[in-house]
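Down below is the structure, laid out as structure tokens.
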Amino acid sequence: MKRLGNPVALGVLVVAVIAAPFLFSNYRTYQLAFVGLYLVALLGLDILTGFTGQISLGHGAFMGIGAYTTTILVVDHGVRDLWTIPLGGLIAGVIGLAFGIPATRFAGPYLALATFAIPLAFIGLLKRFPHFTGGNVGKNLPQLKAEFGWHTSPSIWFYVVCWTVALVMLPLAFFIVRGRFGRAMRSVRDSEIAATANGISTAGVKTLAFGISAFYCGVAGSLYGIGITYVNPDTFPIDLSILLLVGIVLGGAGSLYGMLFGALFVEFIRISWGPALLNLFSKVHHIDTHAPGSGLVVYGVVLLLVLYAAPSGAAGLARFSFGSKTRIIRPRHPPGPPAKGENA
Amino acid sequence: MPALLELSDVTARYGQVVALHGVSLTVADGEIVALLGANGAGKTTTLRAVSGTVRRTGDIVLGGKRLGRATPEAVARSGVAHVPEGRGIFAELTVWENMRMGGYTVRRPDFATVLGYFPWLQERRNQQAGTLSGGEQQMLALARAFLSRPRLLMLDEPSLGLAPIITREVFRVVTELNQKEGLAVLVVEQNAAVALAAAQRGYVLETGRVAVSGSAGELKSDDAVRTAYLGY
Amino acid sequence: MQTFFQTLTTGLADGSIYGSLALALVLIYKATEVINFAQGEMAMFTTYIAWALMGHGSSFEWWAFFATLGIAFVGGAALQQTVIRPLERASVLTAVMATIALLVILNGLAAWIWSPQLQFFPSPFPTSSWVIGGVHISKQDVGTFGVVMACVLVLWLFFRFTKLGLAMRAGALNPSAARLMGVRASWLLALGWGFAAALGAVSGMMVAPTVFLTPNMMQAVLIYAFAAAILGGLESPVGAIAGGLSLGVLLNMLGQYVHPVTSELQLPVALAILLVVLLIKPAGLFGRVVVKRV
Amino acid sequence: MRKTFLLVVAALAVAAAVGATAGARPAATPGVTAKSILLEGTYPLSGPASGYAPIPVGMGAYFSYANAKGGVNGRKINWKYEDDGYNPANTVQITHKFVEQDHAFAIVGGLGTEPQLAVRQYLNDNKVPQLFVATGATTFDRDYAQYPWTIGWQPDYEAEGAIYGKYVVANLPNAKIGVLYQNDDYGHDYLRGFKAGLRAAHQSQIVTAQAYDLSATTPPAVQMAKIKASGADTLVLFATPTPTIQAYVIGTKLGYKPANVITNSVSATDPFLTIAEKSGSNIVEGTISVGYLLDPSNPIYNKQPGMKLYRQIMAKYAPKANANDPLNLYGVAKAWNVVQVLKAAGPNLTRAGLMAVARKMNYSPGDKNANPFALPGVVTFTHNNFQYPISQVTLVKYVNHVFQPQGKLLAGRGALR
């Protein structure tokens, strides 16, 4: 049982998830559903970035692939939306694997750059085949209807679907990370040279990590499409990939429960906390909260503060307060001046 | 003779690992001092403590100036030339560019005198430093260090990877610089015999502490040092 | 034949913009091993400063051009000392996120201070073109290419012949050895960012007349600059310029002569080329593969 | 063991704190109280489309003016808008907040074709008025039967395209036409209308039609070169402002001098064409376009009563805004229409009542209640199956840096009084 993550914490989470819809308003439940699907995406990206040390700026596009798979299957082929969720994940996972193979040749910053290109190419391809993807006009999805005898508001049902998927994928993530493969991933993160020396095929581990993370983001993407009931190229900009990375950093890369924090931040910063912070700030020092660009400045400043205050994010703080020695992400530069030309 | 360099009770650490446990030593003006000891005894760390490239505590005084908290560049600018482990050559830059880096802190570097000691550098000036042999690179490092007109030259295992006759040539030049230019030298060396031949005094370190110290002659005759480091 | 030359000059002009931005990226990467994702927004922000200095873009002033270069240099160095230096020891992920935070802040600030409205940015060169043998060579394209290459040349001379330039190159190659020679390493990183910001200002001011001044004007250009930097090899300044020029010409030629490469496929095609090059030569065309000894 | 437990509890505490700020209990009719009416809308205040940011500012100015004059049947209008960055995913979540948490009475003037397409079904399912969307996409007017709670406002792109087609048939019967259009619904609506306006006889006049993608990173140099090569003597531009201005400049760079240039009204504003001219384009003079609102950057309208009222309102209620920006006047003109419709819906306001009024509007000079900020003679008219609020425009020509109206009003949408 230990393999599937700390049972007590999981139990508390399940109780909270069940209680939430009764405590909060319909709209809050709708937002908390998005927290669930962002958790799934962040778990996947954390497996790639937090545990295997490969930075990707392209996983917003894998969410896009999941969402488009669901949309095309539901709208054009009448498949039931619930079954398209795993399908969206699989297709994104396969494409993630396909991209993982060449990606293994890049190191650190090169990889971040190469993955920076995925969302842009994805948007270009979406527009190039409008008859298939709906092009710029995009496609609408029908709103999720309650099933299996439940008759409740679409928001609540969407919440149930999202969190059911999340509570299945969370222990699965623990299973992946705690197993032998998990140890291989961490060794690739800490020192690729040492890992290869111990007979670990770093290329294989990285490719599989890419595939798994793409699968998670694909599932999150199809939930995203179902929740937003609309997909078009503007829905999956590069900012989504950046937001996911911000979630990882804030939650604490390399800690799965930290991703809960990351998901809360990703969902609420843009729509609730950002504007609230702005209003608070505008009371102190008169500014026009509707001024264009003000929201972006708040979002950027908050991100910088997090990077300084808690480089290892919320999970790091939790560990710090318990005095545990392990660093979440080993500093890339050993103590003393950074050694040069460490990797290609 | 007033001590040029004086270390008193200096400790140094890498993260949690303490490498020096209170080392005290002195180097007088114009003196060559050898620093001997087994691998991991703390020889290199001592040099790093002086040049500030390791976290260290305790007093380090050079010609009356306290260097305890100085950054590496500040230590270098106050007259210490440290040729680190592996010589610190800029392989991709040309020989002459390495030389110019040596004179970085000096307004008009004295290339003429240096070329006097290392004449072969002239015709190798546009060659990439990385293509020089081990001995030549060591000589280039020495020339570069001398160009910054230091008061104290610190050498970290100059004999590393060199054939014996090359090592003797390196030490010959070091001795010549010491006698003619009055350059004080603190040299860390595995090859105790060669080091003690050139040095006036020496220290033997063991596990971060000074075990034995004395003049070159005393050390050569000391049984413990002889069996441990001189091999006969 | 006529369109070939026209496409070539436009390609070289675009290429010089991508090349100069790519060079700025390489400068920062070589010195601090950090990819500066905010390079485009720094260029955009300094271009807005130039626009303000030129009386809200009424007419191009060379004094404002050079004043902006100075401001960009100081601003770039200041950014490094305040935002980037405290994270020097942190992981690559934190360093990447710090530059992305900078990107978001600068983009928001520009829209907040100067409004997101599309603005006109004057060009130092007339928009008419020389007609040589029926070929319309736009003076602006040639001027852009000239100015950018002149700045790159000045930078090359600085690195090649000045003591400080040499120290920066040495600092990038082996910071610890350079510090032992009295080189103030953290100063050099600030200088590196200063030069990169100034280069960004040049590319921003040269591209603004064609893409017009908006807070998002550099985002597209930055992507091509990334592609150019990788194409040339992140380690080599010469590679960045060569990568930029070849990418600029290639894209324009593809757009002109290859039918299926319509406008929305230009980007994916450029990125595909990038991936192919990296598969063959992981360190780019001019980069050298660093063998790491443990 | 304890640390993951603490982490989860801390996260849930944060979620609870967030949840606590639930919205107020809804009154009888959502968004309406004795004293106020809550109207909300989403606008791109950041991202590529943030150029349209002045529109909600203009609307806010008029609503403040209306409130100062006693509001609507004794109630003050509470106007709130939020930034969706032109990303439909944000639009959907913010609109859910407007409906389910803020309980807004109506969603007004939401901007952007795709963002409004994303929320249209949701708003219709919840019977919330999607009033006067700020997009000319034809579907928002044409498909009123399928989406009873959605209504457009400005002349739709297809109708405007048709007018250009009729203009060519009437004035340039044997011109060779080169079209540059944006390959999204914006460009396609215009092109479809243009071809309809030309009718079958004149389709052949179009010698080339070049598509351009907004996300493309280089200006439409290649497309303009092909249009020049096609020998077209009439250039037709159906693209958003940035590529349109670039097309003008590149035309000059390539030495291309078409006899006539027709440009869609969204991009053919005085500020944008001035930028084209300053950037050295010499083919801007004589540009043909259409207009339906007064143009604050054009001195000839300064004497109009509507313009005087507009300047007063902006000076008093939005002093920091640039009153010469046509987007501000667009906001004021739309807000005027919203206030008229609210007044007509009577004291016991309901959402259905509001839509009923909006479906039967008739603000015309004849009845002395025409929109003061529109061009003289423009009628705001909807009736039964004719749901195109503003469908009349007047041809304008760009003569020495100013758009001069050319002749009488043209009806883009079939027979109209």
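Labels for the chains are A, B, C and D, by order of writing; each one numbers its residues from 1.
Methods note: a residue touches a chain if its C-beta (ideal position, glycine included) is under 8 Å from a C-beta of that chain, and two chains touch if they have at least 3 such contacts.
Source: prediction; values computed, not measured.
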item: Number of steps on the shortest touching-chain route linking subunit A and subunit C; value: 1
item: Chain pair showing more contacts of the two, C-D and A-D; value: A-D
item: Maximum centroid distance from subunit D, chain identifier (CA atoms); value: B
item: Chain nearest the overall Cα centroid; value: C
item: Centroid spacing, where centroids are CA-atom means, of subunit A and subunit B in whole angstrom; value: 53
item: Centre distance in Å when subunit A and subunit D are each reduced to the mean of their C-alpha atoms; value: 35
item: Averaged-CA centre spacing for the pair subunit D and subunit B, given as whole angstrom; value: 76
item: Set of subunit D residues in contact with two or more other chains; value: 45-46, 50, 53, 183, 213, 215
item: Touching two or more other chains - residues of subunit C; value: 107-108, 111, 115-116, 173-174, 176, 179, 185, 215, 223, 262, 264, 266-267
item: Contacts with 2+ other chains: residues of subunit B; value: 53, 72
item: Subunit B - residues contacting subunit C, complex; value: 51, 53, 71-73, 76-77, 81-82, 84, 88-93, 97, 100-102, 104-105, 144, 148
item: Residue ranges of subunit C in contact with subunit A within the complex; value: 29, 33-35, 37, 83, 86-94, 96-98, 100-105, 107-112, 115-116, 172-176, 179, 185, 215, 223, 226-227, 229-230, 234, 262, 264-268, 271-272, 274-275, 278-279, 282-283, 289-290, 292, 294
item: Of all residues in subunit D, those that touch subunit A in their complex; value: 1-12, 14-16, 18-19, 22-23, 45-46, 50, 53, 56-57, 81-83, 85-90, 92-94, 96-97, 100-101, 113-114, 117-122, 125, 183-185, 213, 215, 320
item: Residues of subunit C defined as touching subunit D within the complex; value: 3, 6-7, 10, 14, 107-108, 111, 115-120, 122-123, 126-129, 131, 136, 138, 140, 209-212, 214-216, 220-221, 223-224, 251-252, 255-256, 262-264, 266-267
item: List of subunit D residues in touch with subunit C within their complex; value: 45-48, 50-51, 53, 183, 211-213, 215-223, 225, 229, 241-242, 245-246, 249, 252-255, 271-272, 274-275, 278-281, 325
